[in-house]
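Next come two complexes built around chain A: one with chain B, the other with chain C.
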Partner chain A sequence: MKPAPPHPRWAPWFFVAPFLVLFGVFTLWPLAQSLVLALQQTFGPKLTVFVGLGNFEFLLRDPLFWHAVRNTALYTLGAVAIQLPGALGLALLLNRPGLRGRACFRLIFFAPSLVGLVFVGVMFTLLFQKHTGLINAGLHTLWRGWDPEFAWLDQHVMPSLIVASVWLYAGFNMIYFLAALQNVNRELLDAASIDGAGPWARFRHIVLPEIRPVAGFVVLLSVIGSFQLFELPWVLLNNSAGPDDRGLTIVMYLYQTGFLTGDLGYASAIGWVLGLLLAGVALVQTRLARAEEN
Partner chain B sequence: MHRRILALLPLYAALVFFAALTLVPFAWMLAAAFKSREDFFASFFLPHGDGLLGIAWGRLTLANFQRLFAEFPISRAMLNSLFLASVTSTLATLACAMGGYGLAKFAFRGRSAITALVLGALIIPTSLLIAPSYQLLWQLGLLDSYAGLILPALAPAFGVFLFRQAMLNTVPRELLEAARIDGAGELRIFFTIVLPLVRPMIGAFLLIMFLGAWNNFIGPQTVLQEPGAFPLSVAINNLRGIYATDYGLIMAGTLLSIAPVMCLFLLLQREFIAGLTSGAVKG
Partner chain C sequence: MSSPRPLDFLTTGAWIVLALAVLSSAAYLAWPVPSRPGRQFWLFSPPNEQHYRAALGRWNAAQPNPADHANLTLIHFQALERRLVAAFTVDAPVADLVETESLMMARAFGAPLADIGFVDLTDRLRAEGLFDRINAPSFSVWTTRGRTFALPHDVHPCLLAYRADLVEAAGIDVSTIETWDDFRRVLGPLIRDLDGDGRPDRYLLNFWETNRDLVTVLLRQAGAQFFDADQRLELDTARNAHVLASLVSWIAGPGRFCVDAPEFTAGGDAMRLDGTVLCSILPDWQAGTWKNYLPGLGGKVKLMRLPAWEPGGRRTSVWGGTSLGITKAAPDFERSWALAKYLYLSPQVAESLFRATSIISPVKELWTLPFYHEPDPYFSGQKVGALYIAEAPHVPERRSSPHAAFVMDRMVTVLSALKARAVAQGQFDAPALLPEARRLLALAQRDLSVRIDRNVLAGSAP
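== the complex of A and B ==
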């Protein structure tokens, strides 16, 4: 048999060219530009003034920015402490052997994450209404002590966001946990049962260590996603940051300064601070994961 | 048998409870879209009456949809969304599959550098690019055009990465060499041998990109200015400004925006969930 002719030299470049060109123009170039922009103050796309590190100095003393950071961190905490355990709980329920209709339940729990954030925002604005909203009415029916006038979107913006995000994302993250749980060694679990280990002991000592890598990945994705929260509160609060900026997030502040105030320079500075923050989070997570392996 | 079902009963009860909780907002929206303005506040779901199941089926109406199509350019917005999402998802899948193939199955100078670029790009937050991209589109004269919305979305690094991973495992080198011995051209090899081998990945990725483009709000909101070009995401958000308290109408519009992607998902769900988790679990 004769040896295979080598591929033509142009072939690999031909295949990676569309990606390289588009990526260069629409990601790398803007990324470089954002560094330049971050050192400027701009008034619309045309007028710019070089301010050096002025944007960053101003940012560090900007109370609105820190307010946005606090809100975003609070939301992230809610996502990690409430939504992810919920997702794991759903996955554990669905992973019970002998369960029928697993595919159907999985589909139902996953369905909300198909709905765009805008549409979720429009829908939940009405669900969260004071007198007429279904959420207050439902809670009041279940428990008479619930105030039907509870002002979700005026006074309690962060709890509203967390409720909406649990509905939206718990089923999505459940898919990852479920896939991880299905890889857990069943014989090991059965052996532990025979040795008298209860459900909690089995979860703590067998299941949890096995799903830890996937759990770390899901936490990282959730933290990165949560830090970029913008569209959901923006639409939920009727295209605003809400009363007293209660729903202001970092990216919302970026959007407001960039497109409503017209200072793309300051917006880029906010983007860079956010980017560095996220890179830090990713770094810590990979370090932790590596330390655990050793 | 009965004992086993009985043992699982609390499990089913919990699952049914959470499933109901998940479905309630959908049911509420569905009911609201078919209720008249007078009935909207009279009941939370369907209007009460003496029809089947104690519901006044006769009072349900298509009026919200009729008004939406008559008074508001909703059909235009649907077509816009359909166009944007299909073009973006098809071209992005092609570009990412090509890129993934180039990186997975060819040895060439520069491969490791490009692979490192793809991996590094995975951590760039999209929000960092919002402001400079706007400036770039302005400089290129692409503001207020579909090209300005579609072109930047065509080469996501995570797509190239996903296809690279899929092709490393599922495309055997011998098959490519055999095709070359038979004299097949590089393009023909790609389209007739490589793409069919990663079909599940193509289905999953098409759907991911379609959903992303269909649900994208901040992109069209910043790039587009001409109301006739707005996709559903922007149009539905604007609907609230025009019909502030006409909740039935707003929910009818939301229903029309959600239903198509739900149907698409039901068709492709098996491939989608497999594709979604393959990277996470194998990796």
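== the complex of A and C ==
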């Protein structure tokens, strides 16, 4: 057999060069630029003035930023506390042995995540309308005491967003949980049943510990995704943060600041703080997972 | 052992990938960029695009040189806004002429005068007497720091559209209505619970505190400017407090007469069609929209002047606005200017605009043309053009600012908070709400001022 020709020393660099170039141009360079921008006050990219840490100082005492942080945290809490148990519940239902039409149900629950966020926003805008929206009209038909003018998108923006996101993502996260459940050791479950463990005991002492790594991963993904929330409220609230900025999220505030008022410097500062927040969340989650393993 | 040749390590597959990369890059670089001779003209309004097509067909036919032809491109509002920002901040390619909306132009006005991406038309407008020929208030929103950067397309006065079939069947004569208080008193008996569930199913007016446009229209009718002549915020005024406190009594409490029937939504249109809402504030452009999208209201609606805030007060307001700007990137200003004047000043284009959209021209000498004075069967035979023209000189002036959108948002927030306070205290009487309205306005003004003054580069730079 003819031996493979020896590689010159620069051969590996040749192969990784496309990635390095793209990563440098589209990730590292913008990252460095955004750090420089965060230290400037701008009106568009042409007009800039160096302000040092001024943007970060203003951000710390900017009530609108903290309002956005509070809204985002509330949404994240709702999304994680409602969506993930919901997803796990769906996965447990679909994982029942002998369930007929499992593939069909899986498709039905997963289907919402196949459509885009913008579509979901438009659809829920119609569903949540006063008087004529399906939710208000339906509830009013079922119960005459229900106010057909119930202002989902005026007074109850965050609950509306959480409902929409549960509809969208519960099926998606269900797939992760279903995969994890199918890897739970059957022998352990059977042994526990023989020893008299009921369904709750089996779930708590066998299933939950077995799926914990996947659950941790799903929680982390959900938290990061929730902190990046933008399109759904933007469409749902008709290209705005809604009345009294009730739907203002961190990324929406970044967008408004950078692209509507032209202050790219302040928007970069918001972006860096968001990045640090997410890094902190990931760090805490990793620490917790490691402590759990130990 | 012989030393390896530099490229021996590349397998056949790697060569294929490399060849494809090189070929596709070369093809991309060599691909000719289609160039369209003549003036490029971008706009965002589909109805305008439709009627300009015919007008520009005539224009192009009359131009022997293809370089003088006009090419029309319809771009979605937000895409056009983004494109203009890119053009004016990083010199991205842009059309010669751009039809802009008032908030879009306001953003362009954030730059120092010399850096605004549109050509300053002030001297040209003055030299050609256009400041006299065009309705004066129509220039205000296209003007910053005393300089005008666009040719106004419209006036957009507001009238009140009402369900004549229902109002007249109840024997009500709307000519007795002069103020908003009269409006509530005269039409009040029409608020009805039709299905016996204890809630009214018919309201007098489409208005809600979350409708930023309508809040702004009503504040402007009362004379609110939001900014003074030096671009300083002007929110905390007795007039604004009075309007906001009154609006709370319109939407909450025992005297409520408004309902939320948002424009451009199927739900809102259904409420207009089934009579849940009797009256709507209607600028001329929306009269055209109704004719196109709500044919079911044809022959059932009429127009009247807006009720005033006080006896003898202004009976109209203004909603929206479009203009034509010539960008600094345009290579031949004179040709672009000639095209702009053809589109905005000619009687033929004004007629096709009115017939397609119900929008009246701001050019005063055209207001006597017969098509503006024809009865319109949709509005029960009223002369719609003449009704809007009668209000055109009285529309409020508007001071343009890059912060206008945020200020309007904040007024909605103030109204929302004032309503919440009224509901919490069960106090819906407008005079009693005035102190709280002033407090909230002062708070909003302080907070917005900090935000606006923070950026030394935006806004009022010379």
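Keep this in mind: the second predicted complex is superposed on the first by the 273 of 294 C-alpha atoms of A that agree within 3 Å, B and C clash if a C-alpha of one lies under 4 Å from a C-alpha of the other, contacts with A are read in each partner's own complex, and residues count from 1 in each chain.
Following the convention adopted for this analysis, a residue touches a chain if its C-beta (ideal position, glycine included) is under 8 Å from a C-beta of that chain, and two chains touch if they have at least 3 such contacts.
Given the structure is predicted, the values throughout are model-derived calculations rather than measurements.
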Determine, for the superposed arrangement built on chain A, whether chain B and chain C clash or fit. clash
With the two structures laid over each other on chain A, which partner does A:P233 touch: chain B (first), chain C (second), both, or neither? neither
Name the contact category of A:G275: first (chain B only), second (chain C only), both, or neither. first
Just checking: does A:L20 make contact with chain B only, chain C only, both, or neither of them? Give me first, second, both or neither. first
In the superposed arrangement, which partner chain does A:F43 touch: chain B (first), chain C (second), both, or neither? second
After the superposition on A, what does A:F259 contact: first (chain B), second (chain C), both or neither? both
Tell me which partner A:E149 touches in the superposition: chain B (first), chain C (second), both or neither. second
With both complexes overlaid on chain A, does A:F217 touch chain B (first), chain C (second), both or neither? first
Considering only touches as defined above, state whether A:V115 meets chain B (first), chain C (second), both or neither. first
For A:W29, decide between first (touching chain B), second (touching chain C), both and neither. first
Report, in rising order, the residues of chain A that make contact with chain B in one complex and with chain C in the other. 4-5, 7-8, 11, 45, 126, 132, 239, 259
Chain A - residues contacting chain B, complex: 2, 4-5, 7-9, 11-16, 18-20, 22-23, 25-27, 29-31, 33-34, 37, 45, 90, 93-94, 96, 98-99, 105-112, 114-119, 121-127, 132, 134, 137-138, 167, 171, 175-176, 179-180, 183, 214, 217, 224, 227-228, 230-231, 235, 238-239, 250-251, 254-255, 258-259, 264, 267-268, 271-272, 274-275, 278-279, 282
Considering only the defined contacts, which chain B positions touch chain A in the complex? 4, 8, 11, 14-15, 18-19, 21-26, 28-29, 32, 41, 44, 94-96, 98-99, 101-103, 106, 108, 111, 114, 117, 121, 123-136, 138-139, 151-152, 154-155, 157, 160, 177-178, 180-181, 186, 190, 211, 214-218, 222, 233-234, 236-237, 240, 247, 250-251, 254, 257-258, 261-262, 265-266, 269, 273, 276-277, 280-281, 283
Quick one: which bits of chain A touch chain C in the complex? Just the residue numbers, please. 4-8, 11, 41-49, 58, 63-64, 126, 129-133, 144, 147-149, 154, 239-245, 259-263, 266
Interface with chain A, chain C side, in the complex: residues 4-6, 8-9, 78, 82, 85, 88-90, 107, 110-112, 115, 197, 199, 208-210, 212, 259-260, 265-267, 270-271, 276, 402-403, 405-406, 409, 412-413, 416-417, 447, 451, 454-458
